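One structure is given here, and the rest of the page talks about it.
Order as written gives the chain letters A, B, C and D; numbering starts at 1 within each chain.
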Amino acid sequence: QDISGKVVGFSQIGSESGWRAAETSVTKQQAEERGVDLKFADAQQKQENQIKAIRGFIAQGVDAILVAPVVATGWDDVLQEAKEAEIPVVLLDRGVEAPEDLYLTSVASDQVKEGRVAGQWLVDNVGSEDCKVVELQGTVGSSPAINRKKGFEEAIAGHDNITIARSQTGDFTRSKGKEVMEGFIKAENGGADICAVYAHNDDMAVGAIQAIKDAGLKPGTDIKVVSIDGVPDIFQAIAAGEANATVELTPNMAGPAFDALAAYWADGTEPEKFIITESKLYTAADDPEGEYERRKGLGY
Amino acid sequence: MSETGYVLEARGVVKVFGNHVALDKVNFGLMPGEVHALLGENGAGKSTLIKVLTGAYQPDGGEVLVESQPVTLNNPQHAQTYGIGTVYQEVNLLPNRSVAENLYLGHQPTRYGFVDRRRMERDARTVLARYGLDLDPGSELGTHSVAVQQIVAIARAVELSGKVLILDEPTASLDRNEVERLFDVVRSLKAQGLAVVFITHFLDQVFAIADRVTVLRNGRLIETRALTDVTRTDVVRLMLGKDISFSGATALEEARPAGEVLLDFRNYGRKRSVHPFNLTIHKGEVIGVAGLLGSGRTEMARIMFGADPADEGEVRVAGQKTAIDNPTDAISRGFGFCPEDRKAEGIFGELSVRENIVIALQGKLGWFSALNRDEQMEIAGRFGEAMDIRAASLDMPVKLLSGGNQQKVILSRWLATDPAFLILDEPTRGIDVGAHAEIVRTINRLRDEGLALVVISSELDEVVAYSSRIVVMRDREMVAELHGENINPGVIVQAIASNQTGASA
Amino acid sequence: MTRRMLGRLANPQLLALVGVLLINWLLFPSFFRVTWQDGRLFGSVIDVLNRGAPVAILSIGMVGVIATKGVDLSVGAVMAVAGAVAASLVVAGYPAPVAVIAALLVGLLCGLWNGFLVAVLDIQPIVATLVLMVAGRGIAQLITQGFIVTFNDPLLIFIGTGSFLGLPMATVIALVLLVLVTLLVRKTAIGLFIEAVGVNRAAASLAGIRSRMLLILVYALSGLCAAIAGIIVAGDIRGADANNAGLWLELDAILAVVIGGTSLLGGRFSVPLAVVGALIIQAMNTGILVSGFPPEFNLIVKAGMIILILLIQSPLATRIAPRRPQRARIGVQRTAK
Amino acid sequence: MSRSLRPLLATAVIFAIAYGLSVMQFPGMFSTRVLGNFLTDNAFLGITAVGMTFVILSGGIDLSVGAVIGFTGVLVAVLISWMGLHPLVAFAIALIVAAVFGGLMGLAIHALEVPSFIVTLAGMFLARGGASVITQDSVPINHPFYDWISDLLIRLPGGGRLSFIGLLMIAVFVVGALVAHRTRFGSYVYALGGNTVSASLMGVPVARTTVAVYMLSSVLAALAGIVFSLYTSAGYPLAAVGVELDAISAVVIGGTLLAGGYGFVLGTFIGVMLLGLVQTYIIFDGTLSSWWTKIVIGVLLFLFIVLQRLIFAASAPGEKVAEKA
C-alpha cells in the first residue's frame, strides 16, 4: 500500500547507545523509502519530553505517532488524548502498561526472552563445570536492565553450577562497562575466578573486553563474553574471537510499524497487538564478518 | 526603674577572640536621657562592646543588664525587643531593596497578612522628612549616595529603639550639614528620654553633643566621666595614655618652592562623571581636595588612577604624554591609590596581613617574578613596623584587624611599591586620634621625601594642615585652586559654598 | 622544613583518603594487592589512580576557577566536545597528533569563551558556564551526529589505555599536570593573584592585578584540562560517546575541589588537595565496585561521604573540637607562635 | 525597582516575538491545544521553578529538586500501590517528608556555613539514591482518585484542555508571587539575597528564613513530584533527572539575578513558557535533531544573560551590588 505523503511523528528516547542511534537512522530510512514525512523528536532520555512531543504531534494533527517509550508506565492520559484525536499510536521496542485499546500495536522484542537466550547459550556452553558469572547491568531501574536480568536468571535457574557472582550497573555505556569490569576482575582473584561476563548491552561488553585484555586475560577464551543487541563492534569482536555470543535486537522496529499502519489505513485492518521481533543468537558460527559489514552502514 | 538607674548596662564583660582579649571586664552603664560618647583608639574594643550590648556577640564573661535585670540577648532582633536599636560601624542596609523597606524591614505594617506597602511608604516619607530627606521611599536604596544610606540606617535605628540608640561612627561619611541634622535628631531623642551611645573619632562632635564619655583602651575600661569635668586634652590623654601634639596644632604650611613638575593633567575628564579639569602636580607637594559629599572627589581620584579611564584630555607624566587606562598603567608609572571604601575596595579580608601588604608590589613585579615568603615577611615586617600596625601576627587574616589598622595596612601596601605619586581618599576616616596624627605625619614625611600626593579629606583642619595647595570640587567640577594664605578653612568653605545650586542631600 | 611537610600531611583530606582506603581494605582484603603484569602495575589501587585521573584532571583546572569565586559547569560537556573532535578527525584520516592538538585547542577555546563571558561581560560564572554546559553536549552530538565514533588509532588509544613506567597513562598525565600547575601557581605570583581576585576582585583591580587576564587564564586552563580528560576518556573506550562522555563529571570535579578544602566562596586554594579529593571520590567508587555493594546504594554512600566531610570541615566542628584553626592553606606557613 | 523590572520586560517581549514568529511559521502553534499543553506539560517544571526562584532570590541554589521530584513520585506510588493508602494521605506524607528534608538542608547550609551548592548536591545524591533503594522499577499508580483528577479538566474550544495540574501551577505562581512580593517573609528572602550580614544585623531571622526557603523549595519540588505522578500515573526513581538545570535556566531567563536579591516570580513563569516554546517549536519542525534543542537553549540563555548584563550595566550605581559576596 502506498502511504507516501503521510505525516508520522516519532518520539525517540534519545541517543544514549549505539543501538539507539541505529534505530533512529533505520527509522528515518524506512520513512524515506515509503515517502513518509517523519517528524522526529528526541527526548533526551526523559519521559516528560516524550509526553510533550506526543502532545505536540497531536496538536499538529499528524496521521500517526511512533513512540519508543522510555518507561513502561504513565502513558494512559496522553494515549487517551491521541485516541480522542483519532491518531493511531504504535509503540516501538518497549511495551507500556496501559489499556491495549489505547494503541494500535506494539513492535518490540521480548526483553526477558533476550536475557533467556543469552543465559541459555551459557548453559549450553559450560556444561557441568562450575561457572561464576559477572553481570554488567544496564541503567538502574530501566526496563531492559530489569527484564534482561530476569530472563538470564530464569535460564540459569536450576543449573547450580552457574552462579552470578557479582552484578553492578555499567549504565549501558562503554566506559562504565570497562570500569566496572576492571573492578570485578580485581575482586575475583585477578579475573581467574570469572568464567563468563554477561552484559546487558554490547557497548558495555566492548568495554569489558578491553578491561579483560588489560588484565592480561583472553576475552572469549579465559572469560566468555555474552551480551545483547548485535551492534557492529560486537560482531568484530566475535570475529576476532574476543566475544562469544550476542542476541540480536533489530533496530528495524519502524518497518513492521509502517506496514501495520499501511494496512490499517488501507482498509482498517487491525494488526496484531504485539508484533514481537526475533531475538536471534549470533556466535562465531554465524559469519560475524558478514554481519559486521551488513550493519556497518546503519549508523550504529 | 532600678537602683542604678541604668537602662542598659554591661558588668564585667569579657570577650575573647582566639587568644586576643578584645574586652577585659568592662563596665559600662547608660542613663536614660543622656548622650554617652564611647571613645578609644582603633582596636580598643568599642565596636565589640556594642556588639555584645546588642546581642550580635555573646560575652565570654560578665553580664548584660537591661533595667538592672540580667538578660541574654540572642541576636540584634532580640535586643530590639528591649528597645535597643543600633547602627553598626559599616552601613548595614540592603541596597537591593526600597528605602521604605530598609526602614521597616521586619516590622512592615501588614494588612490581612500582607505588607501594606502604601502605608509603609507614606510613613517612610514622614520619617525621612524629619531628617530633611525628600526622596521616593519606593526607590531602590542602592541608587542613593552613601550619606543618604547612612541617614536611612540612623532613621531605622531610631524608629526601632524605644529606650536606647547606639550609633557606631555614624558621622564618618556625613558632611557638616548632615551631622548637624543628625545632632538635632539626637537632641530631640534625648529630650524624649532615650539613652544614646555615640562612637566617633571626632572630638569636636563629642563635645558638641555628649553628656558623658567612656574611654576604652586595649579592651579595658579606662574611665567614665561627665563631659563637664574634662577638657579635650584630658580625653586624648585618657585614650592614648600619654600626651601627643594634636594634628590641628601643626604650623600652617608656608609657600614652599615647588619641585619639578611630575604630573600634568590637561582637560582631563570623563563623561557623565567629572568635568574636564586642569591640574599640575609637582614633586614634594601635597594637593588637598576639598568638597562636599558627592561633589566628585572620589571620582576624580579614580580617573587619575585609571580605575575609571578618562575619555577626554591628556596627562603627562614627567613631561611624557601617556595614557592611563587602568590601574596597572598607573601603578607602572609610580602611582598608588588608597580607596575610601576600605572593606569593598581595599582589603583582602581572607588573606594575611603580609599578603595584603605585598600584593601591589607583586602586582607591579608581574606574574613571573614572585617574591618568596621570606622576602614577603621582610617587606611586610618593615612597613608594618613603620606604620605601627597592631596585629598578633603578620600571617593572620587582615579582616580580624580593627578598621584603623586595616587602613595602615593599605597605606603600607602602597609605600612598599616605592611610589612617586599617591592618591589618598579619606585616609583618616574612621581612624582614632593616635593613628590620625601618625597618618598626617606620614603624609608630611612622604612629601618631604619628594613624593607628590593628592589627599581627599572632609576634615578641613586636616587638609589645611598638610596641603601645599587645595583644589575644591563642587558638583563634579573643579571650581577653585587655593594657594598660600588662601589655604584656610574660611576660604575653602567660601569656595565650596559659593553659588551652591543643587547639592545632593 | 620537615615540620612543615608533616603538618601538611596531617590534613583532613589525606586522613579521609586513608580512611576510605582502609574501609575498602576491610571490605575487600586484597584491595592493596598490586602485581606486575604485561609491563604495568595491576591492582585495585592502580584502578583508583587510573579511573580517578579524569576527575583529578578536571579538578586541577576547576580549583583555580573556584578560587576566583567562580565555577565551571561546562567541563563535562567540553570533555564530550574534545573527544568528539579528536575521534572525528582521526576517523576522517587526519594524523593523531593533529587530532589531539585540535581537540586541545577546542577545549582551550571553550575555556576562553567561558573566560570571556565571566571576565569581560561580567556574567556570573554559574550562568556563564551553564551556557556551554547545555549547548556543549549538543555541539558534541552535532559533531558525531549522535553516533559513537569509534577509532583504532594507536596514539589515541595509548593516551587512554597505555602505560608509562608501569603506571596508567591517564595517571601519568594527571601527575604531570598536577606538578606543572602547582609549580605554575606557586612558583609564580599567579596563585596569590588568583586568591586575591577570589577574595575581592575590586580591590585586586585597584592593586594593579590584571584580574581580567587572570580570570580568562583560569577558565582557559579549566577548558584545556577538560579537553585532556575528554581525550583520555575517548581513548579509553576507543570511541567518542557524545551522549555519555563526561556526563555529570563537572559535579564530581566540583566536589573534589570542595573536599580538597577550597571554598566555593573563593580565596585560598590547593591544587594537590583537590586531586586528593578526586582520589577520595574514586576510592569510594572503586570500593563499592570491588566490595560487591548493590549498585542502588552508590549514590547514598556518596551522599553520606559528602555529609561526613562537610561536617568534619565545617566551622561548627572546628568550634566544638578546635583543631588547628586553618583548613587548606598551602604555601602559606604561619610563623610558629 | 524599575531597574530590575527591565529584564522581566525584555523576557516578556522576547517571548511574545518568538511566539509570534513561531505561529507565522506553524499556524498550528496558535491553538488552545498548544496553549493548554504549555500549562499541562510544564506544570511540574513551573512549580519547581517557583521554589527555585525563592532559593535564588535568597542568594542560594538548590540542585536537589529534580531528585526530590523523583523521590516523591516513588514514595507516593509505593504508599498508594503497595501500602494501599489513600492518595491524599500519601501526598501529605510526601510533603512532610520533603519539608523535613529541605529543612535539614537549610539547617546544614546555615549551621555548617557550607555553600548551598554543595549541600544540595549531597541532597540530590541522597534523594535520588533513596528513590532507587526503595524501588528500581517504575511503580504504576492505579487509583480512582488519580482517574478523577485526570478527568478534572476544562475543555476549551479547539481541542485544548486546561488540566488540573496546569491550573495548579498557575495557582502556585500566584501564591508564590504574593508571598515573594507582599509578605514579610518575602522581604526577608530578598534581604538574604542582598546581604546576609546586613540582614542579620537588621533583625532578619536568618536561620529561620534560610531553613524556610529550602523547605519551601523542597515542598514545592515534592508538589511537583506529585504533579509528575499525576502526569504519568506512576513513580519512577529516574524521573526528572536534570530538572534542576531547567528550573535554574527558567529562573535566569525570567530575569532573576543568580547572585540573589533581584527578580520576580512572574519572570520565572515566562521563563518556563519560553523553554516550553523552544521544545514545542522543535517538535513542530520535526527535522531538527535533539542536539539542536540543547544548542538553542544554550544560545537563548546566552542571549538573555547578555541582555540582562547590558540592562544592569546601563544603570551604573548598582555596580557595587554586583560585587558583593
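Everything below uses one rule, namely that contacts are C-beta pairs under 8 Å (C-beta built on N, C-alpha and C of every residue); 3 or more make two chains touch, one makes a residue touch a chain.
Chain identities (UniProt): B = Sugar ABC transporter ATP-binding protein; C = ABC transporter permease; D = Sugar ABC transporter permease YjfF.
All values reported here derive from a predicted model rather than from experimental measurement.
Student: Taking each chain's centre as the mean of its Cα atoms, which chain lies farthest from chain C (ABC transporter permease)?
Tutor: Measuring from the centre of chain C (ABC transporter permease), the most distant chain centre belongs to B.
Student: Let me have the rounded angstrom distance from the C-alpha centre of chain B over to the C-alpha centre of chain C (ABC transporter permease), please.
Tutor: Taking the mean C-alpha position of each chain, the two centres sit 44 Å apart.
Student: Taking each chain's centre as its mean C-alpha position, how far apart are chain A and chain D in Å?
Tutor: For chain A versus chain D, the centre distance works out to 34 Å.
Student: With chain centres taken as the means of their Cα atoms, state the distance from chain A to chain B in Å.
Tutor: Chain A and chain B have C-alpha centres separated by 71 Å.
Student: Which residues of chain B are in contact with two or more other chains?
Tutor: As it turns out, chain B has residues touching two or more other chains at 344.
Student: Please set out, as single numbers or ranges, the residues of chain A touching at least two other chains.
Tutor: Residues 14-15, 140 of chain A each touch two or more of the other chains.
Student: Chain D: which residues touch two or more other chains?
Tutor: 132, 136, 289-290, 293-294, 323
Student: So which chains end up touching which?
Tutor: A-C, A-D, B-C, B-D, C-D
Student: Which part of chain A faces chain C (ABC transporter permease) closely enough to touch in the complex?
Tutor: The touching residues are 14-18, 21, 24, 137, 140, 166-169, 171, 173-175, 178-180, 182-184, 186-187, 190, 203, 206-207, 210, 214-216, 233, 299-300.
Student: Of all residues in chain D, which touch chain B in the complex?
Tutor: Those in contact with chain B are residues 1, 3-4, 178, 182-184, 186-188, 190-191, 193-195, 197-205, 261-262, 315, 317-318, 320-321, 323.
Student: For chain B, which residues count as touching chain D in their complex?
Tutor: Interface residues on the chain B side: 56, 75-77, 80, 86, 88, 92-98, 101-102, 105-106, 108, 110, 113-115, 117, 138-140, 142-143, 156, 160, 344.
Student: Where on chain C (ABC transporter permease) is chain B touching in the complex?
Tutor: Chain C (ABC transporter permease) residues touching chain B: 187-190, 192-193, 195-196, 199-200, 202-210, 267-268, 325, 332-335, 337.
Student: Please output the residues of chain D touching chain A within their complex, sorted ascending.
Tutor: That would be residues 26, 28-29, 31, 33-34, 37, 40-41, 44-45, 132, 135-140, 150, 159, 161, 228, 231-234, 236-242, 276, 279-280, 282-287, 289-290, 293-294 of chain D.
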